[in-house]
Amino acid sequence: MKTSNDSETVIAPAEEAAANPTINPVSGIDQSSGNFRYDMEYAFDAGTGLSENTVRYISGVKKEAPWILEFRLKALKTFLSKPMPTHWATKDLENINFDKIRYYLSQGQKPKRTWDEVPDDIKKTFERLGIPEQERKFLAGVEAQFDSEAAYSNIKDLVSKQGVIFVNSTEGLREHPEIFKKFFGKVIPTGDNKFSALNSAVFSGGSFIYVPPGVKVAQPLQAYFRINAENFGQFERTLIIADEGAEVTYMEGCTAPKFSTSTLHSAVVELVALKGAKIQYITVQNWSANVFNLVTKRGIAHEMAHIKWIDCNIGSRLTMKYPGVVLKGRKARGEVISIALANDGQHQDTGAKMIHAADETTSNIVAKSISVGQGRSTYRGLVHIPKHLKGCKNNTECDALLINTNSRTDTYPAITVRGDRNSVQHEASVSKVNEEMIFYMQQRGLTEGQAMSLAVNGFINDLARQFPMEYSVELKRLIDLEMEGSVG
Amino acid sequence: MSAPTLTSATDSFVGSFTAEAFARHLAALSSSPAWWLERRRAAYETFASLPLPRRTDESWRFSNVAALTLEGFQVEPAVPAGLFLASPFGPAHLAFVNNQLVAPPSLPREAIERGVVVTTLAEAALTHPDLLRGHFMAQPQKLGSAKYAALHSAFVSDGAFIYIPRGVELATPILVTHAAAGPDAAVFPHTLVIAEENAKATVVDFFVSADASTHFACGANDLYAGHGAQLTYIAAQNWSGTSRSFQFNSTVVRRDARVQSLNLHLGGRQARHESLSQLQAPGAFSEMLALTVADGTQEFDQRTLQIHQAPNTKSDLLYKNALRDQARTIFSGLIVVDPDAQKTDAYQSNRNLMLSEEAEASSLPGLEIQANDVRCTHGATSSRIDPEQEFYLLSRGIGKTAADEMLTFGFFEEVLNRLASDPLHDVLRGLIQTQFKK
Amino acid sequence: MSSLEIKNLHVAIGEKEIVKGFTLTINSGEVHAVMGPNGTGKSTLSKAIAGHPDYTITSGDVLIDGQSILEQEPDERARAGIFLAFQYPSEIPGVSIANFLRGALQARMAEGEELDASAYYKRLYQKMDLLKIDRKFTSRSVNDGFSGGEKKRCEILQMAMLEPKFALMDETDSGLDIDALRIVADGVNAMRGPTLGVLLITHYQRLLDYIVPDHVHVMYDGRIVKSGDKSLALELEAKGYDWVKKEFAEANAR
């Protein structure tokens, strides 16, 4: 990449977005608006391929404590020793070439506290995605990650005065080890799966959040993840701790330009909700269709705590993600709301895991997927209620909508219950869009595409309403865009 | 790799079913036609080459694979003399003990006159070779037990052959008994049913241990329903409590045909049942029912596959398990709708009634849908007796024990009520009640 | 001659008190109607008397002929003579009406005593004919897939078969069209007599056109706030419950 910082590559068909860069009121939701890139020169580059040296390089530039380097090196061994999970997952995973990926790219390790300090080329990217504007409007704090490191990170004074910590992972481990070390890697052990091990070896960026006892953060904290470089792997690591009685909502958005080669995004997100705490974690995943998105997300809910994942997957080539909750304390609650839209060339392999580990815990899963064109959506679920617990309940509903004759949907739940004092209920259905309904709307003058969008929006309407307003409006708009092109 | 390691590995693959045992088995079947002997040889190769199931195999998820063993069984158990076996379904038309027919086939004159054939596989190999060849173990093994199905194909020596010609409707069920007798007896029961165009029949298989010793049962049943045929198949399994059992069902349903199957699982220490229904032509309907009473430390492992290969086909599965003591059940079901199978109507339901603190039920209800104009739903529940229903019964003056018993039997009746035949319903109910009161 | 005494009854669901000092005595031969706006504790009262485990009686007592029944299990209370006609009867899949009623009658007999099957069926069919229930229903599962009207008739059928001392009829009229209501009312009227006491719980006066009560009570905020004869029901019909609420608020304000 030898072009100047001002040169810009717009990848078709984003002319409209280019002409109207502020059209998107919320970051990370409109596929076309993310499809651009500015060429960059990176001050730090770990090179191509993965070895012990890559790991040492990353740890070195971050000036990490020795225990973190040890942790990374051990994780690398685990990653290398674990087979690809293709005995149950799609063979498409075999198309990831770990030797061709760049594992660390950044212009520096310290994020800026004001947008004025952010280098122009990176600032332009985020402005175009609408991040600074959103921050002013309705966010309590923002972290904007550009490839491997956060370029910008800020939290409103009001929130920081309450004792809330909102930093990137490098800073979190360096400045607040007494808080984060205790939980880091404990919710999701390195060896949980091949990709959690990979992340543990090369992680960089992501948010570390601590909310002190009783503090209820009124506005959401937002993180924005941007991949800019080709053949790149982004491995952010997020850890959120809500202390007793605390409440926090975290939102993440993500985009990348569409390259002809594949890109890897493999994050690990750990949540800890202590007694009576509440964490709501909202994802709107809109990676371009060349991204392998292989993410491990899990939370531990202590007594009376509530963890809710709202997980919306619209982009990527292949997403494999099953947000989970370990219900560790009495009366803890876990929830997963999942929406997946799989268009041509996409496979949304999503779902949820609920591990009950205490009495009177309840979990709820609602998953809705839409398969369009040649798209494939898969639901995988795990519900586990082990021995001697009582009063545990799980309710799962999965509904799939198939739009075209060559779309595909799969459902693979696994439910284990022990004892006679718990109850689980799982229901799933597959249906197509009601043709009579489409005809009715067409008769009233709507195009088939418009009618289809209305039908699809109707299908997910009850879930979309659980999103914050700004997100739910954009979700509808995005579905309109996806549906317009897919019928006729 | 050194030679001794190889030998021991092979040993653990085949257990008691060694190459020598197979050779002795073949020698005893010298009258069998060449094609069948050849198939048996090929099956033995497959059996011996395939590994034992592993914990990480998706199709064995949650199964206690470590407890599966092929060791210590009598491959050619002797048939005890003078053994009398009463079947609760009535006198059997075909009765096998340790793989051998123990009495000549009996069939009502009316059935014989109309061309119904009820005989042994060995006899059918001579009289109906093409039918046998075309239908015997002819369907794919897709549910994880290829090794055990090959073991069955290799060692099966005899079984039931039932043929209902075109347009023949049989009012009374055909009863088959398969028994295992004596310590460590290995049996390979087989029932093959062919219902031709517009034929109608009911076939009952009863699997039973003649004594309390440990048995190894590795059985299969092939059901074929031709154009417009209506076939009801009932299998009641009551092996001894220490036995291991595998049973593989294949059901092929042709145009406008209807097959209703009901499996009652009562016996065995570890019993795996695989059931494959193929809906091959428009109008085909397969109703798959199962009831399990699991107690002690029993494990019942049920794997099902409903494949819709043609448009306008229907399948309806309802598997109910009642779990007591430390029993475990696994239900893993999959509905597959092929891309061309539009207007498929598929249903799958697994209900587990948890009756003790230690029981464990796992459900894996799955869907793989590649056609868009379908109606497919599945559901799985695991729970104790519904407290509201219990209160309703109590409020009518029925005591708690009686109320719970009434609700538990009600749980099974919902499935039994789907049977058209009251006498069969009564026998099955009786078997369940005996199991509960033992 | 029996009596059902409800004495200063307080009932809670979880932490929330719903019934707050309800007192009423019902004697054999009497029909009492309890009317009141929604959410005032009418259904709670009947379920608590029948012994539903979700309802906690925090104070007060319920006695049959001077004997408290609060220590009894729900089935013991039923055998002591309490019958609850549910507002929303449970569906019991797989348990046929014939077997169910047989079990309920058998439970009322002494140990070793057997129900006479032919006499039982004769009586069952007779009651079914009276309630215009198809005889084929005997082999159907209790309430399973029944329409609203069929469920209510099935409740009355059970009441007729079990011959309770006291029937608590919880919103029996809800969800019934006028024909079904007439059949149900005819059934109850046929059972009226010196050996049966009835507590009719209803929101609407309509049912009382068909089952004419001896006494009418208005329940509000968990207790009886007004009692009278059948004319009270007509007054309520004309004036609505706001009148009662207002009077109650004024009484409290004083």
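Before moving on, here are some points about what is shown:
As written, the chains take the letters A, B and C, and residue 1 is the first residue of each chain.
Heads up, the rule we're going with is that a contact is a pair of C-beta atoms (placed from the backbone, for glycine too) under 8 Å apart; a residue touches a chain by one contact, two chains touch by 3 or more.
If you're wondering where the values come from, they're calculated on a predicted model, not measured in any experiment.
Contact counts per chain pair peak at A-B. The most distant chain from chain B, with centres taken as the mean of CA atoms, is C. Centre-to-centre, using mean CA coordinates, chain A is 55 Å away from chain C.
Mean C-alpha positions place chain A and chain B at a centre distance of 45 Å. Chain geometry summary: the mean Cα position of chain B and that of chain C are 49 Å apart. In chain B, no position touches at least two other chains.
Residues 386-389, 391-400, 402-403, 406-407, 409-414, 417 of chain B are the ones touching chain C in the complex.
Those residues of chain A whose C-beta lies close enough to touch chain B in the complex are 87-88, 387-388, 400, 402-432. Across the complex, chain C meets chain B through its residues 50-53, 73-75, 77-79, 82-84, 86, 89-96, 99-100, 103-104, 107-108, 141-142, 158, 162. Touching chain A in their complex are the following residues of chain B: 56-58, 61-62, 339, 342, 352, 354-384.
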